[in-house]
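Same chain, two partners: chain A is paired with chain B first, then with chain C.
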Partner chain A sequence: MNMSKIVRSAANLLFPFILVFGFYIVLHGHLTPGGGFQGGAVIATGFVLMFVAYSYDFITGRIGAESLHTTETIGLVLFIVTALVAIVFGVTFFTNWMLDVGPVLNNPVAFGPNPGDLNTAGFIPVMNLAVGIEVLGALSVIVLYMLSGTKEEI
Partner chain B sequence: MIELVVHAAVLVGLICAALLVIHFRDLLSAAIAFGIFSFLLSLEFYILQAPDVAIAEAGIGAGLTTAIFIVAIRGTRRMEEVKE
Partner chain C sequence: MMQELLLQNLPALLLAVPMLGAFVTPLIGRASGGARNLWAVAVMLATLAVAVLLTAQVLSSGTVVYTFGAAAPDLTVPADSGGIPIRIIFAVDAMGAFMALAASLVGLGVMLYSLASATRSTGQNGYYALLLLLVVGILGMVCTGDMFNFFVFLEINSLAGAALVASRVDKGVAVEAGLKYAVLSTLGGLLVLFAIALLYGQYGALNIAVIASRMLFTPLDQIALVMLLVALAMKAGAVPMHFWTPDAYSMAPSSITALLVVASQASLYGVFRVVFTLYGLTLDYATIGWIIIILGVLSMFVGVTMAIPQKDVKRLMAYHAVSQTGYMLLGVGVGLAVLGNQQLLDTYGVIAMEGGIFHIINHAMYKGLLFLTAGAIFYRTGTRNLNQLGGLGHSMKWTMVFFIIGALAIAGIPPFNGFASKLMIYESVFLFNPLLAIIAMVVSILTLASFVKVFHSIFMGPRLPEYADVREVPAPMIIGMALLSLLVILFGVFPQEVVDLLITPAAGALIDQGGYIASVLGGA
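Moving on, here comes the complex of A and B:
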């Protein structure tokens, strides 16, 4: 059962803005308040808004539980592989190895109050992105399974 | 002074929203009132200088929990039964 046209139009209008704000929180996780979990929760809120506004059949015709499971798995694998690569470089597990390799995410942090530089902090932004897409998949699949139990004739 | 007024207004709004959650017999209205409660709680966290917790509360409390309640109401009945 779809909700009313007002709810569906509002959900369509809000959905891209919620996604942009969520990815902003994830990508600025090492500079501003928030991080992987909070940003992933905000993105999942956008997906859940679509789940609530549309019927279960409409949603599962476009995005399946399998793809959300895959998203969750990709996040977890990216997280643990990024941590394990440190062993290849001869340092301990979870060492911030990107600080020593190449120019990517490797600028020195300015002293004192400054506007912030995204290109810092080694692999912490990568970890934030991994946690973000993991939380996105996990929270969305919870609500999708919850929605699968509702009766469609109401 | 203005911070104190805003803080007091948020606290009064929290209590009003919590009382409304108990008062409503329409469960959908109660779920929306609970969403308003969570939103005011995230504002309160922000006033108390915990913006990290405020973002988590706004995402999980006001967004996901309200959606889960609405999905649950869609699967059952909307009006609460009144016991004699």
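Moving on, here comes the complex of A and C:
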């Protein structure tokens, strides 16, 4: 059952902002409080808002549980592969190998108060992104499954 | 170059391979179920190969230390850290390698068996992924050299286990068993976490070697010890914290139960690691040794007496699992009780510990085998009730043979592996305290009596009309059971070789606390 038009319009309006804020928290994980899990949870609340505002059938017609599962899996695989690549570079598992190769994410961190530089910290932002993707998929799918147990009011 | 990288990173690969396998499994499963099954078996085979290589490395060159996130695996103490190993460190000694080998062997048998036994279930993508994650949890617990890391893997173990217990939905009963397992595991996990916090607060470190080298055995340490022992003994299913085992073991799919047995033994490993390595000689080892012995004797006796009246074959086997855990606690407890006395240790202490440790791998093999045969019977007949079963010996000959092997092994009849380890326990415990050895033998006789009853009511008698069309189980299930049976017989026929190769170094590694600390801290 869809909720009232006011709720749906408000949800539509808020949804992109929630996504942007969530991804902001994920991507600034190595600079500001928050990180992959927190940002992923914020993004998932955006999905939950849509689940609540629209009916179960309407939602599952657009976002299947399968695609959320795949999102979750992609996040996990990205995480473990990033950690594994370190072995190829001759250092141990989970070593921050991006600090040794190329200019990507490799600026030295400025000393003292500074506005923050996203292009630092090696593979930590990548790990944050992987966790964020994983959490948004997993939390959304949990709520989706919970929603599937509710009965429609007649 | 490639080979060198591989050999250098074995402890990490031991976890990374099944973890990557678990995460990729759902993706492959979306494309094709057959490819996913093949992938899961291949991952498990690769894990076993890594475990074998790692064990060989540990046995040839001593404890393998692996520092995560460092430039080289043996850089345990960074130059600018003031002598504290701040990174997560894996310290795989002979005991850990032995447990890892046992876990991956059973894991392979379970994986092969699942190929056939899980075909009727939905949600197989999650099933295989969680199965591999459970293996990750077990392997992590037995390899890690870091208390907090141990807690993390304990939680992975618990969560994957709880989800798998509930994976076969059976009118909500399985969900209840899964919930019970999850709640109790979380309670245990919390106790472990509090204990770790107490240790961290005092010594400012999480590394087992560092805590061990600074251990003062203050009252706070004693509280931490009690919490660790209670939580881990509960996860290991020792009486009086055994009440979750019958529910969880009987409701989980049989393949999972076989692996849960190994998961609970990883907790048993935790008990041994805590008392021998973390606390070591600072303990009042006679008292703690006796506490572990009493836990063991209680588990043996209560487990077997509870098992005898059971009508559900898997509940019965679950109580026997509790009972067999008692033997391991008894053997290792006797070793602990005489830890400070080198003469007694040489006379019988080490033999008792070897018996207890040998029993761990033997138990994993034959109890896994027995649960798999119970699963095979359930697969074909749809019931676990002994009163309804009968006459299956006519139609399920292979299953019957495997059941006989498992039952004789658990009862300690030669030439199966249960006999080898139980004999070591009887002989050495008799020298320590004859009464304990007599109780152990009586429990073995009761075990045999109980399994004779089970064998008779499942396989003997005339062919029953309701099971007229029962056939033998599919080939993958037979292969899984055959793999474990083969190991049961091999370990029973050549016990001395196994003891010399694996068990003696494992017992030596447990006793040698100084060696463990030195291998991590570099002889400090």
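The definition used in the following text is that the second predicted complex is superposed on the first by the 152 of 154 C-alpha atoms of A that agree within 3 Å, B and C clash if a C-alpha of one lies under 4 Å from a C-alpha of the other, contacts with A are read in each partner's own complex, and residues count from 1 in each chain.
Everything that follows uses one rule, which is that a residue touches a chain if its C-beta (ideal position, glycine included) is under 8 Å from a C-beta of that chain, and two chains touch if they have at least 3 such contacts.
Just so you know, these numbers come straight off a predicted model, no measurement behind them.
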Figure out whether A:Met146 sits in contact with chain B (first) or chain C (second), or with both, or with neither. first
Figure out whether A:Ile25 sits in contact with chain B (first) or chain C (second), or with both, or with neither. first
Does the superposition put A:Val91 against chain B (first), chain C (second), both, or neither? second
When the two structures are overlaid on chain A, which partner does A:His69 contact: first (chain B), second (chain C), both, or neither? second
Is A:Leu49 contacted by the first partner chain B, the second partner chain C, both or neither? first
Name the contact category of A:Phe37: first (chain B only), second (chain C only), both, or neither. first
Okay, in this complex, where on chain C does chain A touch? 5, 9, 12-13, 16, 19-20, 23-24, 26-27, 30, 66-73
So, in the complex, the side of chain A touching chain C is made of residues 66, 69-70, 73-74, 76-77, 79-81, 83-84, 87-88, 90-96
The chain B residues in contact with chain A across the complex are 51-52, 54-56, 58-60, 63-64, 67-68, 70-72, 74-75
In the complex, the residues of chain A that touch chain B are 1, 25, 33-35, 37-38, 41-42, 44-45, 48-49, 51-52, 139, 143, 146-147, 149-151, 154
